[in-house]
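Presented sequentially are two complexes of chain A, the first with chain B as partner and the second with chain C.
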Partner chain A sequence: MSLDHDLRVIRATAGNDIRVALTDRLFFLTGLIIPFNFLLVFILFAFSGGLAPTAVVMEDNGPLAQQFVATMRNSHSFRIHVTDAARAQREIEAGGIVAVVTIPPRFDSDLQSGRRVELPVMVNNLQTDFTNDIRRAIPLAITNFYAAAYPDQVVVRTREVDVQAHDTDYVPYLAVSVVVAAVLITGILQGAIVAAREYETHTIKELMLSPAPRWALAAGKVIGTLTLNMVAVVLVTLVVVFLVGARPTHPIELIGLALLTMAASVAIGILAGSLLRRRQAAIPLSIGITLPLFFMSGPFGPANWLGPVAGAIAFASPMFYAIEAFQHAFHGYQTAQPSLTADVVVLVGFAVVSVLATSWVLSRVRVDH
Partner chain B sequence: MTDYAIELTGVSKRFGNFTAVSDLTLRVAQGEIFGLLGPNGSGKTTTINMVGGLSQPSSGQVSVLGHDMASDSRSMRRSLGSVPQETALYEELSAEANLRFHADLFDVARHGLEQRMTHLLELVGLQDRRRSRVSTYSGGMKRRLALARALLHDPELLYLDEPTLGVDVQSRRALWDYILDLKQQGKTALITTNYLEEANALCDRIAILDHGKLVAEDTPSNLKRKYGDTVIDLVLEPWPEPELILQLRKLTGVADVTHADGVIKVTVEGEHSVAGEVVTLVTRQSRLVGINQHQPNLEEVFLSLTGRGLRD
Partner chain C sequence: MRAARAVWGLIRKDIVVWVRQPAAIAATMLPPIVFMMLIFVASAAVGRNPVALVVLDHGPQSQRLSLILQDSNAFRVQLASAEQAKRMLDGLQVAAVITIPAGFDANLDAQRPDSVTIEINNLNLDFTNDLRRSLPAAITRFYAQEDPNPIGMTVTEADLRTKDVSILQFLLVPNVVLLLTVAGVVNCGLATAREFEDVTIKELLLAPISRTTLIAGKLLAGWLTTLLVASIVLVLGALTGLLRPSGWCWLLALGEIALFALSMSGLGVAIGAVLQRFIPTATIGINMAIYLFFLSGGISVVSFLPGWVQTIAHFTPSYYGVHALQMAIFYQSTEQLGRDLAVLGATAVGTLLLGVLALRRRAVA
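So, the complex of A and B:
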């Protein structure tokens, strides 16, 4: 037994897994479809949930009326289009829009003469999420409009102090979490498939009957699967960078973190596959466990905002640390308390512990007849 | 260095309440081809897995080439070659890729590896198909490749679990030739098989297992002599008095005597040698026109030791 043999085993195991996986359609379907589905679903979710489609009927086109509609547009709450009353009625009845806001006749003149103006708002109160968005956003738009149009009359002002150096749009923020989910879920799944396949095809006997060190077999599997996983991760990241527009502030850091997170997730997957021994069990279980962990690990905002229980669970998940670290690489900020160093240490820990646990599991493999 | 390649001493293997192997003691000498026979579920594969370190005995000791498999199995694996029942080949890959991976796992020297692979593939008749995917191979070709792979790291001891299961007659004969060649090279082989003809053709000694217990162990010829029935056909002229049948039945070792179509059939149990007494007795009363003796075969031995009941 020598270091040369150990390295030879690592390289051979990685190469063997890559060659076998290249013939496996299921492996590639899992590796590509799942992360892209994830990306698509969350981006659609973000777009559909973020802005309420709203029709504005302009019965007065004066400068104040125009200014009010502009304030509504800038409120980040509406997706506005201007139309006539009849078409707006048809659209709301057909379920195509959430609300119709009508700028009444004489809007400008009534305001200028100090008369009360009533703004007709028709709401499709199908579900309270969008309804409440409308109920909150229109009074806010009125306030903002009034403060802008009559600065002398509105004397209370907010003085915002930003914690972060810049604002980040919701979709680029969410897209970073989706990249992490793609890395972790596909890594765990592909790792589990690679390990479970050895048991299903009985090739585990070839590995177990060899004098190869178990840790080297586990490490080789991590490297091989990580290499395969890289294709999906690079593609998803390119889509997020170039189509979604989330540009990494620290690109080198992003590459390092992506490799580290892939290593951790693949190692966890290989451990799961070695324990479960069947792809049929490993695939649904991997998805079933990682999905709730993803939602608890702060994809939409820091995990602590979800409350103490979810926050505590998130702290035990590698996804939490990965999301934090990726947000730093993309947007340059820390979303929660631990530092980037702590995130990296935890991810390295997950990878190392999983490889060691897998080698222990492999050393305990027994064939029962 | 011990004289024995494999020593099992009081080995038992239990899975919960089920005892797969019970208090098994076996010794396989260096350079011997040793067969493990038994019906399905008799404990053959469990035994071979314990020898390969794939399964730990619940009690007892397994020693291979003088090393205790419980504490020293990793270092021993380089000296062991195995042909598992399932072949354990990467079917998506070529024969060549399978052999290269095996060479890496077993740290076979890179220098001369190509020639050794070519030699082994030629030996098992797969040189022409070395770059084909294993999934396109027949069952016999896969078994031959598994044997070539097992030999790649030049092991001292080979164990083969049902090496010819499901292969055609030609492949079976070819595999037998390779296994017999191993003996010429001084290698030890442990074989499990359901085929009695195979055990007879290959093995120096055989152990018959049933319900996890050793029921017999010896050379094939000794087993046949001990446990098989010899049948002596006698043609007499004139036809003797019925009294002769009764006298023949009284001879020690005679299990049965029947007569039909002018032939008396005397069935002799196991190791008893009564042919001389039978001839003496019949020639006192009649003239012996013809005599024919059928030796027992291993199948009769196997059935007499393990019964005729069907096994799962």
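So, the complex of A and C:
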């Protein structure tokens, strides 16, 4: 068989898959809904941003008390609202806030006369993570307040030097990771559905009885599904770029990486669908595996910063390399230890191995009558 | 008696079909198990960023500050030379380098401005703000050990709850709820949709049993499957000591789990009966499970979320399920128990009615 013949097989397989998929509106919608849901949920998560909702009860309204509350507001730790004691108590008991800070009466006069001030803080100690945030943040606000109000008494300060030229907000950072999740989850899902459908509708028999090479069939399926997948990926990326505001620093690199990641994910999905042979199994399993994989791959920051075990687990996930590469394309910096070249090599490797494995699976299919 | 035998037959059939589908079992169990593993691995490090500490002064005060930084639960500190620290920062091994400068003690003794430098790899504001908070917090501790302490303000902390709960334990509860939701909504939904898609519903309808028996069998099968899955997690949680209610709260927690599982099973049956097809049922079920997990505080604390999201969360049963379980398991408390049980009970009744109506209408059609 000539290369020309093989290319015709690839084109015909891809075209057939696209036509069949477009007749199934539900299939098409599924590919769109899931990545958008992902994006929405995680952006909402990022909005929470680690700022503790805190009520401040002002029993003294002097200038020092006001200055202390202003310092709290600027400490990157609290979302503050001023209220009265009774309402604050109700709010903390209802779980609406995590702390109540009471500025005591005579706050200003005690400080001015050098008397010690006790600052009552009630904490909703639901879990240690955010309780510790509060336990750190209040002393931080106190020290910063003292450093500003009494510079001669508090001489030890922090001097910050930032590695990156500007801060990246958490939402644009996380949104980029979610784009990768969207690429992978829709790719794997659609690939699995396309492959499993051939077995459910018994059209796999026709494919197997044709004289076409198995690798060309597998490649055609990857290209067809990749084309379908592109719609969802382009839409999610446009939302992230124009609504979330994460502008790619390297747009050409982004396009290349998106195509590569789509190819890898679709190939993995087709392999899964060919092995499972039933959409009933392929759909939940695709989502069930991809979602936890996303969390393991360092979507919130460098995976190794969560410890050596988390870092080692992330290395085994293709999503880890994709997230790092996408962060580079969007924000221009590296978020993991492997280089961009290593990321690309790994993603290419995943795609090639999955296509070869799918060809192998297809070559072992026996046609029953 | 005959109806009971038929119900039991339906339960056995659905459970056997479920057991024979390893992919369905894996899809139910994998997300919660992997989430649990992830929580287990990450909880030790959450809020503790890796930093390199460079100490260029060897005086007693700089050593004291160095020890405070090393003991801080905000950092995982590695002592390093300036060159090593630079390499670690460039190689993303650490998130920041803290440098206690030469002359730190002399400046402190002379009450001259004395700056401790923190070089942060400010990749995103989440990590960066953690670090921005943590060094001044360590300096606060440094001053607190001084006698006399120049900072004349102290914090008097009062805790709302009797004990602190680790983030690992805390996040396990929404995870159990996720498991119940996936097992209930997705599994029961798919089991019901499968009957229509494989046209086996005809065989069930032609069987000499009433519609009520058929519906009861489907619902109970879904409920028992969900409880079976939940019991594995609960036993594991109890054995590891992470989820171990004491005294009568065991019963309360089990009751709450049973009630929540029932409502999710009813919802699953309703969705499966209405949609009758596998793919939409799976799509809606899985998306619903993700949303309910998120809104119950699965990956964030609900009160940290924007107000309108909190309002939506208050309309989801998983929010009340998680609250009720946390109170029973961690605090042996009945705080807002009436409210939580009322919501869970009403949800169970509502979804069961929905499931019964949907299955009855579709079966008749």
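The rule is simple: the second predicted complex is superposed on the first by the 343 of 369 C-alpha atoms of A that agree within 3 Å, B and C clash if a C-alpha of one lies under 4 Å from a C-alpha of the other, contacts with A are read in each partner's own complex, and residues count from 1 in each chain.
Assume a residue touches a chain if its C-beta (ideal position, glycine included) is under 8 Å from a C-beta of that chain, and two chains touch if they have at least 3 such contacts.
It should be emphasised that the depicted structure is a prediction, and the values quoted were computed from it without experimental measurement.
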Fit-or-clash call for chain B and chain C when the two complexes are aligned on chain A: fit
Partner chain(s) touched by A:207 [first = chain B, second = chain C, both, neither]: first
Touching partner for A:296 - first (chain B), second (chain C), both, neither: second
Chain B versus chain C as contact partner of A:138, first or second or both or neither: second
Touching partner for A:199 - first (chain B), second (chain C), both, neither: neither
Touched partner set for A:330, first chain B, second chain C, both or neither: neither
From chain A, separation angle of chain B and chain C (C-alpha centres, steps of 10 degrees): 90
Per-residue touch tally on chain A - higher for chain B or for chain C: C
First (chain B), second (chain C), both or neither touched by A:123: second
Touched partner set for A:8, first chain B, second chain C, both or neither: first
Chain B versus chain C as contact partner of A:215, first or second or both or neither: neither
Overlay on chain A, chain C to chain B nearest C-alpha distance, Å: 16
Complex contact set, residues of chain B against chain A: 15, 20, 45-46, 49, 52-56, 74-75, 77-78, 80, 82, 84, 86-93, 97, 100-102, 104-107
Contact set on chain A toward chain C in their complex: 26-27, 30, 33-34, 37-38, 41, 44-45, 47-53, 75-77, 92-93, 95-98, 111, 114-133, 135-140, 142-146, 150-164, 167-170, 173-174, 193, 276, 278-285, 287-289, 291-293, 295-296, 300-302, 304-307, 309-310, 313, 331, 333-337
Chain A residues within the chain B interface of the complex: 1-2, 5, 8-9, 11-12, 15-16, 19-20, 23-24, 201-212, 365-369
Chain A-touching residues of chain C, taken from the complex the two chains share: 21, 23-24, 26-28, 30-31, 34-35, 38, 41-42, 44-47, 49-50, 65, 73-74, 76, 89, 91-93, 95, 107-108, 111-130, 132-137, 139-144, 150-161, 163-167, 169-171, 186, 190, 194, 277-280, 282-283, 286-287, 290-291, 294, 299-306, 309-310, 323, 326
